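Chain nomenclature is as follows: A, B, C, D and E, assigned in order of appearance, with residue numbering initiated at 1 for each chain independently.
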Amino acid sequence: MNKERRDRLYAILCTLLTIVFIGVMLFMATDLPHLGLATNPDINEVPEFYVEEGPVETGALNAVTAMILHYRAFDTLGESCVLFVAAVSVFILLRIDGTASNDTIVAIDRRYEPVNDPILSKTFLILVPAVFMFGIYITMNGHLSPGGGFSGGAILAAGLLLYLNAYGLANTERFMTSKLYRRVTALALCFYAAAKGYTFYMGANGLETFEEAGIPGRILSAGLILPLNICVAIVVSMTIYSMYIMIRKGGFNK
Amino acid sequence: MTYFFADLPEYAAMILFGVGLSILMLAKNLVKKIIGLNIMDTSVFLFLAAKGYVENTVAPIVTAEELGHIDPSLYSNPVPAGLVLTGIVVSVSVTAVLLSLVVRLNEEFHTLDIDEIIHILRKRDREDLK
Amino acid sequence: MTNVFTLLRITDRLSLQFGSDAVGRFFLCLVTIMWVLVGIYAQKYKEHQKHNARFFTFYILTWVMLAALTMAANYLTMYLCFEFMTLLSMPLVLHNGTPESIAAAKKYLFYSIFGATLGLLGMFFTNAYGTTLAFTAGGVMDPAKIAGKENVILWVAFLSVVGFGAKAGMFPLHAWLPTAHPVAPAPASAVLSGCITKAGVLCITRLIYQIYGTSLLRGTWVQTALIILALITVFMGSMMAYGEDLMKKRFAFSTVSQVSYVLLGVFTMNEAALLGALLHAAYHSIIKDGLFLCAGTVIFWTHKEYVSQMKGLGRRMPVTFGCLAIFSLGLVGIPPFAGFLSKWYLASGSLSEGLPVLNWLAPAVLLLSALLTAGYLFPICIHGFFPAEGEPEAEGKEGSGLMLGPILILAAATVLLGIFASPLKDALQAAAQSLL
Amino acid sequence: MNGISILIVIMLPIVGGVLLPLLDFDARRAREYYVLAIVIATSVFALSLISGSEGTELILYHLTSTIDIAFRIDRFGGIFALLVSILWPLSTLYAFEYMRHYHKRNRFFGFFTMSFGITLGVAFSANLITMYLFYELLTLSTLPLITHDGSREAKVAGVKYLVYSIAGATAAFIGMIAVLTHGGSLEFNVIGLGSAVTEANRAFFDGAFLFMFFGFGVKAALFPLHGWLPTAGVAPTPVTALLHAVAVVKSGVFAVGRVVYYTYDADYLAGSIVQKLALWFAAFTIVYGTVMAWKELHFKKRLAYSTVSNLSYILFAFLLATPSGLTAGLLHMMFHGLMKIALFFVAGAVMHQSGRTYVTELRGFAKAMPVSFGVFTVASLALVGVPPLCGFLSKYAIASAAVEEGSRSAYAGLAALLISAVFTALYLLTIVVRAYFPGENYDGHNLKDVTEANAYMTVPLVTLAVLIVVLGCFPGALTEFISGALSTAFPGL
Amino acid sequence: MSLIPNIPAFSIILLMLCGIVCLVLPARWARHLADCAIALACAMSAVLLVAFMRGQEVFTYSMGEIGAPFGNELRAGPLEAAVATLFSVVTLLSILGGRAHLRADIGKKKVNLYYISVLFLLCSMLALVYTNDLFTAYVFVEINTITACGIVMSKEDGYTLAASMRYFIMSLIGSGLFLIAVSILYALTGHLLMSNIQEELAALYAQGQYRAPLQVAIALMGVGLSLKSALWPFSSWLPDAHSSASASSSAMLSGLVLKSFIFLLVKVFYRVVGVDIIRSHAILDLLLVFGILGMIMGSVNALFERDLKRMLAYSSIGQIGYIFCGIGLGTIAGVAAGIVQVAVHACTKAMLFCAAGGLMDASGGSKKFKDLEGAGRRDTYAGVAFIVGTLSMIGIPFFGGFITKLSLVTASVEVGGWRSTLAILAIIVSTILTAIYYINVTAIIFRGEEKTPTRASEKLREEWKKQMRLDTEYEFAIVLFIILNLAIGLQSDRLMDVIRAGLAVFG
């Protein structure tokens, strides 16, 4: 049974396995509750509560954001921890500590770096502020309109990367140093965890938290949801930026 | 059979999941495996999102005026939306870690084929033994 | 069993006890006389041998065990003496150390041990189903206990008798005798044939008459089977002896058949037959010892072992061959000599016993075997004294007094006991009655 | 004497054994005094315990609510402890001489002494679980002894021994737990299963019995599971003599005895199919052992096969599940221990003095080693079952127990007993004959360098021979001591 | 209102916070913070366990004021408290035990990243133990997977990278299956909270509706989680991952990570799906058969292994098979046996991996048997640890392993039928094989030459110690592990009562 015979057999087996798997899943899918019917079992008191009570209680018009950041907040806390841990793992893998000599860093900075390419720098001059503005809007209006911390953060990260590619690493690193990254991410996440820890503790033991719904429709209306959205946005943007830097250069500064 | 077309997203999700699984197992190149993983995750999110859809309803964002008297039957189900959001963030972070692993493996072994990497390691083992 | 003496009490039922009774005393005298005569003979015979010290120690030790056996008062002591007699007599067989003698000794050892083990089987069942292990006239079997199990007890009886029969050369376990006796030195084979086979006979008589009891065995299939076995041995022994050229082997086969005469008498279980058996035991010991001693003398002086080589030796060794002739006449059972009286009682005993076929078949076989005995004994004397013309005459000269003395005594005994048998007969008559 | 003394008697040798490699004696003399002191102290202590304080108990630890580690001195355990305490000092003395030209003696004597304590633990345990604990420890402590001289062959024997023992112990453990979960009690003062047995779960209890019987049967060298005993013959003689003729295998038989008489009582087993099956197995092993012994030419392997068959004598006696069966089994356990260890010691002496291991090479050895072969003759005659010696008594007791029981399988066992008696004679007496009567064209060329073993070896040999003869003639004290066990095993009697 | 119900939430959030703070701290401070955080977590779960043993009844803790069907919920019972204490204690000891190796394997700067991964690993495990919501379980399963790979990757040599890649891919397949099963269950019942799902499923099962999706969902859940917890057919990644990682990581991986998914599987079977539905489903028999195969094949592979840590990894596959055999029996006693084995294997295997680290240091860092001759003499703590491990694996009373064997045999005896015969045979075979290769290792590490110059051997050991800077933490950890193993062996009644009480109220 030499090597390629074994591979061929493995390939045949895998395709057979997947075909059987898909067959079973399709057979099962036919028996699932059909799409879109209002009488489906998953349309029960839970979504009705979120839609009816959510906006009233938390002041967030967008029921999904109310659910994510208030009712099922523990999931979303875990969510941002996943992001954080992923960033840490990438750091473990790719970060090159001080010891690496200068030329290795240059070698690792593999990509062609367009330095002050006139076309790019001019167009991004207009584009980058627009992207930032849009990102901030999405984050701030998370509880009023579709959007929120995660999507806003992603857009902010995109803006950062555009800036980086347009004006080169040196300029970006002026303000994006590793110390900044660590402090801001840690701060945002700590605030997030502390705030949610506080609300969990108060809620579970029946005490009254200082949160109040505020005037619905306004920016500063949904109690803790807005600050949490901002924290999430920071965490998301920072993580995505750091991952990009790690893969590209293996380090924040120099 | 009346619902065949209505349930298309579910069938698509199941087939996509199978496709993702087969790519994961059959692909030699690690990056292809990661793509297969992504396909698997997105197919689940497709399935979940489809669950959220309710006929002739709108997204569950209410307007300030009707705060007092919200009729839930007008709005679709917000729960799957929340789940998909979390799912997407998870799959993003996982893909990031996998890709950085691939970068390191390539630096170390200069190949993207996991079987070859294992072969190299076995050879290194034998040298240690001697 | 009178004045019983307990040597060692191991557990409440098991103890080494010795005592004397008529049959025991008879066998003791017989054995001791034979042992003395052969001992004298051996003094001369030993010049042609090595390791004599070892030979004589085992020779005497075997006698001790034999004597102890005759005086054993219970089944355990008998079994112990039987085992030790085997172990101690075995070195006699392998005395001259040739590979055949060692093989023969091993064969002898394992046949006897197998026989002893069957005897042991009998002891276990006697312990379980009998009241006591000691020999008591009429048997020790407790009828209440063996109510449901007659068949098992009969089988055990049959097997234990066959087991002890091994030493007496009875049919199924006789094969060691013809191989062991020829390789042993003459005095050893004389003693082996003469006395040690009688030990087997004594054990069987004790078993039948004082353990299982004639009332249990009489008329059962066990009795008929045992008689048939004895008859087979008688006939087969003499047939084999007839065809055998090696002198000592011929005498060994004749022992096999003659001892079965005695067993036949024991198995028919009536007074006449038992008397005949005891008589024949005595006579056979005397005659067979004599025969082997004559053979020994011939081998000693002429180193000739085969009968065909001994043509014409009669003239050279007249005394030896004369005694040989007397012994042959006695064994065949010609009236004035010893053998006749015992055969007579045996025949009358089996005739008077009521067994359907066997009461006439037994005497017929006895007669036939007597003829065969004549067939294999007389030619030795005839060829010895009157060799056919033209054959070369064997060289050789007479033995010394030490060797001829015992032979002459034995020859005289055969003649005298044949004629004046009454005192012996009366003593044995009393012994037989004590057993039945 | 309260319960603590039991613990001391068991722990003294174990701790002594553990300390030995650590104390790291260099001088041979010092090590010998140390080991001898411990062994003699323990056996004296054990003997005093057996005779003096019958019935003392000690609950060491409540492992779980239904299981606890407890010790009790009862007559049944006492007899096994008596045997072990007599033989261990003798074989230690013997081992000093035998191990002279071996290396790593600290480790050897460490484990050797530990096994003494563990065997006492098996003897004095008050329930099946404690016995299982010491049973497993015995395997572990005897394993390094088997693989002592580190040769390839020793390793293979070690692995084989480990596999058989662990399989047996686990099977027995499963049987125990099965009984425990279904209401039976594992304690030895609670005789039989009592109310736990109903018609419905009778088959279940039979199954549990078979698991335990074959589990412990591995160490008792039952037929299909005896493979390890002959291969373990490769170990140094003190190990094969003491452990594979006395301590380890006897603990297997002892365990089966405990199961038959204390966990399942006599009236559960009498006449049951399980008893028939077990009896037939034991009978077959008796014959199989002796036939294989007769066929085997390696001296120690021949004695190992003879142990296989003799152990099944004891198993057969125990399985009869009658009072006389119990006493017969215990009697043979004692006597077989004495006889077999003497035979193994002679085999060891022959190997030690002349390096001969095969039976065919023993022509004329009696002249060169008179004392050893004198003892060998006495011991073999005893094993064959010649009356005045002790072997006859135990064979006699077993046979009469079998006859008394009277079932068909009992008669099969009796037949096996007799056949094996003949074969025992075959494989032992041929050695005696060859040693004493080498035949005429023999000039003693192969015995130039062979001399009789020195005092260390001959003293134990002679004491054993004396014991065999004395116990054969005056077994009164011992049989009365053994019949004491009846009162615990058969409360009704 | 006592603080007891808050303990689960507190411990999880505390670990999270410390994990985050460690990012900014330098290595030394990160190490101290991590130790204190884990120690605090141990203390809290121990307090919770003691409270439960003193009669505290099961409570559910809603995260935020609206609990039950709308918000997240934690649920703690005696079983969860016991398992949580076990996990945190073993994590603490593993870190202490493997400290010496951390310095050697992981670069100076990345030590605090390692501690972040460890903290989040423990946080996710505690969350998995306590959570009563399926989707939270999925999130924390992901954190668990990433951090587990993180601590494997942190050693950064060729072997660990390849091993963690294979580990990561296999785990992600597992969590993909888990996620799709969760979504199917959500589609069928509309709830994500375990107790609500159980009610809905019971109703559905009664009416006989959606039978196929239910069966498929259970099967996917079973396969997914058994894949993540290295049940035999899916365990090809385990030997490389556990053997190449550094001492404390492999201790945590083998001892804990696999167990957290098993505990989640038990929770899913008995709290989400409910007792009667699962008993009628074929997945239990499948797990039993694979468990038994695992027991045997794991030990067989370990038998032929010449590398110490790979051998320990293969033996983990065997022991995991043991646990699944218990769970696969289906009865409460079977699950109890499985969970006892979780506890015993966690501390025994973690001890053995730390001891393996010690042995490797004592023989110049090589893992091969031929270099380890006599290492047990040089590093007596590791030697004693291996002796205790061997005795426990064989199942000698007074040691932990005896309790697992006792409870599994009791469970399999009571089940009856083909299951019990199969289980019994497997137990016999696996005990034999385990005995062989563990005794073989113990013999090797204690073999070595007779100590000819006794004084010299003392010098040898001193020299080793100096060179490896074996600090007292390692010895403290090994001693504590041994005490833990003996404690379970001796105090097994209390442990079994807690487990049985937990299981009774688990549904």
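What we mean here is this: a contact is a pair of C-beta atoms (placed from the backbone, for glycine too) under 8 Å apart; a residue touches a chain by one contact, two chains touch by 3 or more.
Treat the numbers as computed from the prediction; the structure is a model and nothing was measured.
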item: For chain A and chain E, chains touching each; value: B
item: Centrality ranking, top chain (CA atoms only); value: D
item: Centroid-based (C-alpha) most distant chain relative to chain C; value: A
item: Centre distance in Å when chain A and chain C are each reduced to the mean of their C-alpha atoms; value: 114
item: Inter-centroid spacing, chain D versus chain C (mean Cα positions, whole Å); value: 44
item: Centre-to-centre distance between chain D and chain B (centres being mean Cα positions), rounded to whole Å; value: 68
item: Rounded Å distance between chain B and chain C, as computed from the means of their C-alpha atoms; value: 104
item: Chain B residues counted as touching two or more neighbouring chains; value: 17, 21, 51, 79-80, 86, 90, 93-94, 97, 101, 104
item: Interface hub residues of chain A, defined as touching at least two other chains; value: 25, 28, 32, 40, 42-43, 46, 50, 72, 75, 79, 82, 85-86, 89, 93
item: Touching pairs - complete list by chain label; value: A-B, A-E, B-E, C-D, D-E
item: Contact set on chain B toward chain A in their complex; value: 3, 6-7, 9-11, 13-15, 17-19, 21-22, 25-26, 50-51, 53-55, 59-64, 67, 70, 72-73, 75, 77-82, 85-86, 88-90, 92-94, 96-97, 99-101, 103-104
item: Residue ranges of chain A in contact with chain B within the complex; value: 11, 14-15, 17-19, 21-22, 25-26, 28-30, 32, 34-38, 40, 42-43, 46-48, 50-52, 54-56, 61-64, 67-68, 72, 75-76, 79, 82-83, 85-87, 89-90, 93-94, 144-146, 150, 216-217, 236, 239, 243, 246-247
item: Chain E partner contacts - residues on chain A that touch it in the complex; value: 24-25, 27-28, 31-33, 40-46, 49-50, 70-75, 77-79, 81-82, 84-86, 88-89, 91-93, 95, 97-98, 182-183, 185-186, 189-190, 193-194, 196-197, 199-206, 209
item: Chain E - residues contacting chain A, complex; value: 1, 5-6, 9, 13, 16-17, 19-21, 23-24, 61-67, 69-72, 107-110, 113-114, 116-117, 120, 123, 127, 133, 135-136, 139-140, 142-143, 146-147, 149-150, 153-154, 156, 184, 186-191, 200, 210-213, 216
item: Residues of chain E touching chain B in the complex; value: 135, 139, 142, 145-146, 149, 153, 156, 158-159, 161-162, 164-166, 168-169, 172-173, 176, 179-180, 183, 186-187, 192, 306, 368
